[in-house]
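These notes open a run of structures that come right after.
Both of the next two complexes hold chain A, though its partner changes from chain B to chain C.
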Partner chain A sequence: MLESLFAFVNKIDVASSVWVSSSMGMMLGGWLAAGLTIFMFSFLYKDNPFFKIAEHLYLGAGMGWLFQVSFFSVWMPKIWEPIKSGEDYLVLIPALLGLSLIAQFVPKISWVSRYGFTFVMGYGAGLSIPAELSTNFLAQISGTIVPLFSLGEPCLTGAALWGAFNSFLIFFGLICVLFYFFFSLEHKGAVKKVSNIGIYFLMLYFGAVFGNTVMGRFSLLYGRFDDLYKYSGSNYSYASIIIFFALVTFFVGSHFVDKKKKLKAK
Partner chain B sequence: MLRKYTEKFLKMDRRLIFALLTILMFIPLIKPLGLPNKAVGVSCQQVYDFIENLKPGGFILISLDYDPSTRPELHPQAKAVIRHAFRKDLRVAVMTFLPGSTGLIEEIFATVPKEYNKKEEIDYVVLPYQAGFVAVMTQLGSDMYSIYDKDKNGNPTKKMPVMKGITNYDDMSAVMCITGTALLDQWVLYAGDKFHVPMLGGVTAVSQPGYGPYLQKGQLKGLIGGMKGAADYEGLIGKLGKGTTGIDVLNLGHLLVLFLIITSNIILFFMKRF
Partner chain C sequence: MKLIKRTIPLAMVFIIGITMFLSYYIPHEASQTHYVERMNEWYNIIVAFAFLLGLLSLFFTHYGKIKKKVDGWGYSIFVFIGFLAMVIPAFVSGGDLMIGANLTVLGWAYKSIFNTLQATMFSVLAFYIVSTAFRSFRIKSPQAFILFVAAALLILGKVPVGDLIWTTLLGWTGIEISGIVEWIMSVPAVAARRGILIGVSIGAIIISMKIIFGIERQYMGRD
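Presenting the complex of A and B:
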């Protein structure tokens, strides 16, 4: 029964991939991509039903994709096939532990999920605590407080002096920022001055992060615009342009309808 | 009179800014300006130098963990790095922990290997999506075939020419993670530091500053950041792509932001005084 279902799903998969790569499939794909992108951007003007459609489709399609990839890449080769071939029945143990997590949604048997969670917690903590301590704590301390000059190497070269300055700056910045977050001493006098310098270091970091964030967002926007430009060509039957103007017409129309309704209400 | 206009400017409808930005960003798409990208980032150069110094036949494991939401920044990075690896005759294995990446990986390997006459199973292998990144990362340190016994097409990996002599991290020249998530941190944690395999990274511009400590400590041998990093890398390998064409758009967008910030601040400065 399951075998024939998998075969059927595979047939659909093959047929759909053949259709998608055909010229008609490519054009419809372009219309869909351009339409959904413009629908999503339409929220910048105001909330509207097209945005809602695109939002729900995005969530639904995302979940569908996640399910099929997990099913065919993990569940089938790692659980179903070893059991079916009688190669390895031990995979049932992690599979049952994983399935036990779903019991959380059924109040009467939700206690079953504890077995799965216990395993996840114990395994996760055992692996992550020593690794985190070593990589993100101890290694970073040794990376912050480094010797200004290396033994046996010339100190008065430009590179050595620049390296020493960098090492000192990192150490100095760290101390100042730590002072800013130390609340058991009243921030006045020398402590205030040091913690104020710490604020400048923090501001520099936030500035760098904000600058990079702006650049990142523009890059993402460019990606969508690039696709919209591609789909505005004749090989996609001017999808982006037609959908854009259709949406503008909708907004202009709905503006006048709303205005009429308001006047009537008055 | 002037005050009235300046107040109007400061209370500008934000939708006007969106419209202005849209127009400005479409200009280089329609007619590329060809603005140069002259400053190559230090950490990006480090990635290039590291791969450039690997011997032909070396094995590089690339984890492509990004989905369509960060595609504009990371897809050009991934393409550029894979092109560089193929140009250097390195063996490439690609894996992912994100279901959304699988389609994008297929897209890369449908075109890039042909440019360098590379064959699947001989020069490169695409491994299937796997869940549970911690288990996979740690298991790759002992025997990678216990996780990846088959490639994405269901063919056994152990006998593939591309996998010859590869059992775990010890046999790999480097591991690279290109991601829009925090998975690079996990790679440093569970692979780079634990098994002492050289780690390289590619991340979005938003998360780039956070990786400074790893670079400074040498836990990362190099890092490509955002679309600018992709443009840098494309310039370094001499094969320009979407990263480079994006530089025009980024420059114009940044100029608009700078103009708005500076103008608003000048107006506010004078309004407070007069």
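Presenting the complex of A and C:
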């Protein structure tokens, strides 16, 4: 029974992958992608039903994607197969702990979910102490306290002096930033001056991070415009153009309808 | 009942936390490979179920909206449509995105629906970032000026037109904008990032210890 089901699904898989590679599949994909992209961008004009549809679809598709990842990467290979083959029954423990989380939906036995949560919390807490100590604490300090000059190499060259200046600046900046975050002492006098310098370093960092984020978002935007341009071609039956003008027509029409309604109401 | 509801879960946190912590410092295969790998696998399994908890919660919420026909309930249907649009192709293609060089139906759905929506959702933020920047970069103090200069240099340094503007206006200095960007990222930004990371690590260690020793118990909820 199961084998015939798998064979049937396999047949559908082969047939669907042939369809997807066909020009019809490509064109439908293009129309779908162009439509969803334009629906999303329509929010820049105003909140509207098309954006809301795309937004809810995104939520559902995101959950669907994560569900299939969990199913094919965790539930099947890490729980079902070891139990089915009989090679590892210990996976039943995390499976039960995981299932205990679902008890959250039943108020009377919601305390059962604590077992799952406590494992996650204990695991995370135990793992993060050595990880934080070695990578974010000790490694950052050892990376800051470095020799200004290398032994056996000339010190008075431009490159060596520039390197020493940079190393000192990192050390000095770090001390100032730490002073800014040090709240056990009132920030006044010399402490205030040092922590104020720390703010400048922080602002430089935040500015740099902001710049990087902006560029990251813009590169995504170029990608979307590039796709819209691709889907506006004849091999996609001018999908982007048709959908765009259809949406513009809808907005213009709904504007006049709303205006009429307002006038009637008056 | 208190033993089952409270004491055993707290003992679990303590034992798992301490053993995970100690396994890092015990240089033996049983501790650093077998135990940690086993715990990682168990953690992944539980996290997958935690996702299921979120998924069910989302479904209940939207099912409730449809059932009660609250304002905008029609949109909730699209949550289920989106979900099925990814899950049905996934089961048809066995979770594979490609067969050889060809897309499977899951790959097609990923490319046409999920990837498109995700990229567009994040790219829309570019417009809002610009409008936020316009408001937040009004230079009212020297600190705000530094923030503006760093962001402007980073943006200019990453686009060809920025390089062109820099070369035209300040090319005579012999300094390239890419060099300035690299210096900002590798010297002053590193100093600030390290300060933040050290602070975060101290906070994380303290919180972790509070969890292991049962001082922090908020995640357990109320009885």
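Definition applied: the second predicted complex is superposed on the first by the 230 of 266 C-alpha atoms of A that agree within 3 Å, B and C clash if a C-alpha of one lies under 4 Å from a C-alpha of the other, contacts with A are read in each partner's own complex, and residues count from 1 in each chain.
Going forward, contacts are C-beta pairs under 8 Å (C-beta built on N, C-alpha and C of every residue); 3 or more make two chains touch, one makes a residue touch a chain.
What you see is a predicted model, and the numbers here were worked out from it, not measured in a lab.
Taking chain B and chain C in turn and counting the residues of chain A each one touches, the greater count comes from C. Within the superposed three-chain model, A:Y205 lies in touch with chain B and with chain C [touch as defined at top].
By the touch criterion defined above, A:L161 lies against neither chain B nor chain C after alignment on the C-alpha atoms of chain A. In the overlay built on the shared chain, the residue A:A95 is in contact with chain C alone; chain B does not reach it. Contacts of A:V9 after superposition on the shared chain: chain C is touched, whereas chain B is not.
Of the two partner chains, both chain B and chain C are touched by A:N136.
Contact with both chain B and chain C is seen for A:L220 once the two complexes are overlaid on the shared chain.
In the superposition on chain A, A:P77 makes contact with chain B only, not with chain C. Of the two partner chains placed around the shared chain by superposition, neither chain B nor chain C is touched by A:V248. In the overlay built on the shared chain, the residue A:I145 is in contact with neither chain B nor chain C. On chain A, the surface patch touched by chain B in one complex and by chain C in the other comprises residues 44, 62, 65-66, 69-70, 73-74, 124, 127-128, 131-132, 135-136, 140, 143, 170, 205, 208-209, 212-215, 217-218, 220-221, 223-224.
Of all residues in chain A, those touching chain C in their complex are 9, 12-13, 16-17, 19-21, 25, 28-30, 32-33, 36-37, 40-41, 43-44, 49, 52-75, 78-79, 90-91, 93-95, 97-99, 101-102, 104-105, 110-111, 114-133, 135-137, 140-141, 143-144, 166, 169-174, 176-178, 180-181, 198-215, 217-218, 220-221, 223-224, 227. For chain B in complex with chain A, the touching residues are 15, 18, 21-22, 25-26, 29-30, 69-73, 99-100, 102, 128-131, 134, 138, 150, 152, 154, 188-190, 193-194, 204-206, 208-210, 213, 216-217, 219, 225-228, 242, 245-246, 249-250, 253-254, 257. Those residues of chain A lying in contact with chain B across their complex are 44-45, 62, 65-66, 69-70, 73-74, 77, 124, 127-128, 131-132, 134-136, 139-140, 142-143, 170, 205, 208-209, 212-226, 229.
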